[in-house]
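These are the structures, in structure tokens.
Look at the two complexes coming up: subunit A is in both, with subunit B in one and subunit C in the other.
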Partner chain A sequence: MHSLGAPPRRPGELSFAARRRLFLIGGAGLAGLMLWGLEGLPDYGDFSPLYGQLINDVAVQERSTTAVVTAVNFDYRGFDTLIEEFVLFAASLVLVLLLRRLREEKVGPPAEAERRVHTTSAAVRLTCVALVGPAVLLAIYITTHGHLTPGGGFQGGVIAATALLIVYLGSDYPTMERVGPMTLVATAEAVGAVGFVLIGLGGLIATAEFLENFLPHGTAGELISGGTIPLLSLSVGLEVSGAFVLLLSEFLEQLLEIQPKQGTEP
Partner chain B sequence: MSFLPYVVVVWICLVGLYGIVTSRNLLHTIVCVAVVQSSTYVLLLAIGYRKDFVAPVFIDIPRGTPAVDPVVQALTLTDVVVGGAVTAVLLAVAVQLHKHLGTLDPDELDPLRD
Partner chain C sequence: MTAVQAVALVLVASGAWATVMARDPVRQAVVVSLYGLTLGILFFSFQAPDVALSNIVIGAVAMPTMILLAIAKTRK
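So, the complex of A and B:
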């Protein structure tokens, strides 16, 4: 199937060179339009957005949160983040659906003969063992201190997923599955997604406004402060780490566990 | 010089589009989509930047210190997450296409061909 040259052209189809020429003309026009449009923006480094400056001025006092980006994400624009979280949730659902086992595929590790497993060296294994602990610790630190220093649930969740990927790098897929069983991962993702909504509903009950920060705010700069912000960050962290581990293991499963039906694979 | 970041935005976007138009492999196409999307990160952060202003984190600096716009930074975070989700879904589609058709060349994808 893999032809080195261009595949035969269908009637009315542009040749590769013509397509490129067309893009060079259209792209030049698009570049001109975009530059023209961007030219109307304030000069780089000179913009003073009122909304952003206002939030910078009031966030620390109003929400006891020293990392203003996190305050914007989980409080001032918390509803956006709810949608964003569900975008990731939906993407992981789509992935599970797309990469499900097809009827003609069989599950199981590849036969011994066709197996191209490289056993990891002791040096790699040792490095990975040494890295897993610090990675988990960093993930917890970044997630729980998101309202104090740069960080939060999204960043911490991705680091947590990386910790499990390090386990895979240092061993193999079955070990990774033992360390992070799929039911646990899926539960973490679901709990994270539902948790965000439940905290939002808590605000609805307490103050009649969805996602209102209804908990006591505490003192800015302390670990327990910011009201619902660290809790929302934590639930996003659970959701993101679950979603990313799910994405990784779905792709790894395609490679390592699912065998194609006979005769189609080139 | 004050316009240079916007030129970079246009450049990254167009380089990605060029890659999509001339792509011979769907994995390459997907990476190019990610490149186009990354131009929006540069645009958002360039809009929020102000000379001599600090990052909007007030843990060790006094409240009221002039800081750059936090809103566009939060939007960039959203952008990055959505970008990751889009890439993952596109890659899954590419995996299934390769299973069914045995090719990743976009030119060989023809709905009328069996």
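So, the complex of A and C:
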């Protein structure tokens, strides 16, 4: 492995000393502005916004949800989460588009001579086998208990994606693709994204308000409680895990399956 | 400020410094993963477990993985 030293200076490029002078001037200005901004901040640990106090007081009674952050994410500010979900959805779509196979690239494993991949050691494989189960279980727990304890669909979804990454770490890309086939992953992402909207439309039909929590709220602290909150959390979990697995698969596919045309430098 | 919060702040500051000081991108990807973990501890110590959970997975696993894969692709 070669380390990246300072690249040779091109004509017209600033010297290191000049760049440092420029940084010192800019850095001093930024530091001054930030210190000025610190003046207006509340004291350390001082928490007095009314909105936060109000939500803390009413969320448990109103929505039978003991995790107030999740209640805000999926109910009081559910529409924001809908937009955020589609930001991730759009980002993953764009990535799939960017990392598609180009006409001059060929599909196939790299030539043996180019492969510098070491075989996975038995210790790593064993650790991965031991980790996959707990990771999946943790993902399910975090997703389904989002309305009771910290966590929720986003956190659980990303943990589920890392479980598949552990599969890759302990085996190889074909095995990872067998465990999580592209069609399944893409379907999960789409179902999650559409599910959120459909639950929102359910609120529109039942109460004439989009994303209104229209299901019975149940008893606070029970697994089935909080009305639509756990369902929205679950759909976000599906969408997020699908999106992240799709991102990782696309990157891995670029690395392992798609080769530039012979004779051209990448 | 509790002792745990102070320790977490120091950890984050040293993690950020270490990330900048590691000049090789591959090393940097590994160090930034540790930095993501310290940020998770910081969020947790400031009573934001939801954010801590996200950051441990995104900052310590997903982002370094993508950096590593991008480096591997461009160096091939």
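Assume the second predicted complex is superposed on the first by the 244 of 266 C-alpha atoms of A that agree within 3 Å, B and C clash if a C-alpha of one lies under 4 Å from a C-alpha of the other, contacts with A are read in each partner's own complex, and residues count from 1 in each chain.
In the analysis below, a residue touches a chain if its C-beta (ideal position, glycine included) is under 8 Å from a C-beta of that chain, and two chains touch if they have at least 3 such contacts.
Since the model is a prediction, treat every value here as computed from it, not as a measurement.
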Combined model on subunit A where subunit B meets subunit C, clash or fit: fit
Which of subunit B and subunit C A:M34 touches, first, second, both or neither: first
Contacts of A:V60 with subunit B and subunit C, given as first, second, both or neither: first
Touched partner set for A:F251, first subunit B, second subunit C, both or neither: both
Which superposed partner A:V68 touches (first subunit B, second subunit C, both, neither): first
Which superposed partner A:R19 touches (first subunit B, second subunit C, both, neither): first
Residue contacts on subunit A - larger count, subunit B or subunit C: B
Which of subunit B and subunit C A:V87 touches, first, second, both or neither: first
Subunit C, subunit A and subunit B - angle at the middle CA centre, rounded to the nearest 10 degrees: 40
Touching partner for A:F79 - first (subunit B), second (subunit C), both, neither: neither
Partner chain in contact with A:G52 - subunit B first, subunit C second, else both or neither: first
Gap in Å between nearest CA atoms once subunit C and subunit B share a frame through chain A: 5
Subunit B/subunit C common contact set on subunit A: 1, 44-45, 67, 69, 150, 154, 247, 251, 254, 266
Subunit C partner contacts - residues on subunit A that touch it in the complex: 1, 3-4, 44-45, 67, 69-70, 110, 114, 142, 150-152, 154-155, 158-159, 161-162, 165, 244, 247-248, 251-252, 254-255, 266
Interfacial residue positions of subunit A with respect to subunit B in the complex: 1-2, 6-7, 10, 16, 19-20, 23, 27, 30-31, 34-35, 38-39, 41, 43-49, 51-53, 55-57, 59-61, 66-69, 71-73, 77, 80-81, 84, 87-88, 90-92, 94-95, 98-99, 102, 148-150, 154, 220-221, 240, 247, 250-251, 254, 260, 264-266
Residues of subunit C touching subunit A in the complex: 1, 23-26, 49-50, 53-54, 57-58, 61-62, 65-66, 69-70, 72-74, 76
Subunit B - residues contacting subunit A, complex: 1-7, 9-10, 13-14, 17-18, 21-22, 43, 46-51, 55-59, 63-64, 67-74, 77-78, 80-82, 84-86, 88-89, 91-93, 95-96, 99, 101-103, 105, 107-108, 110
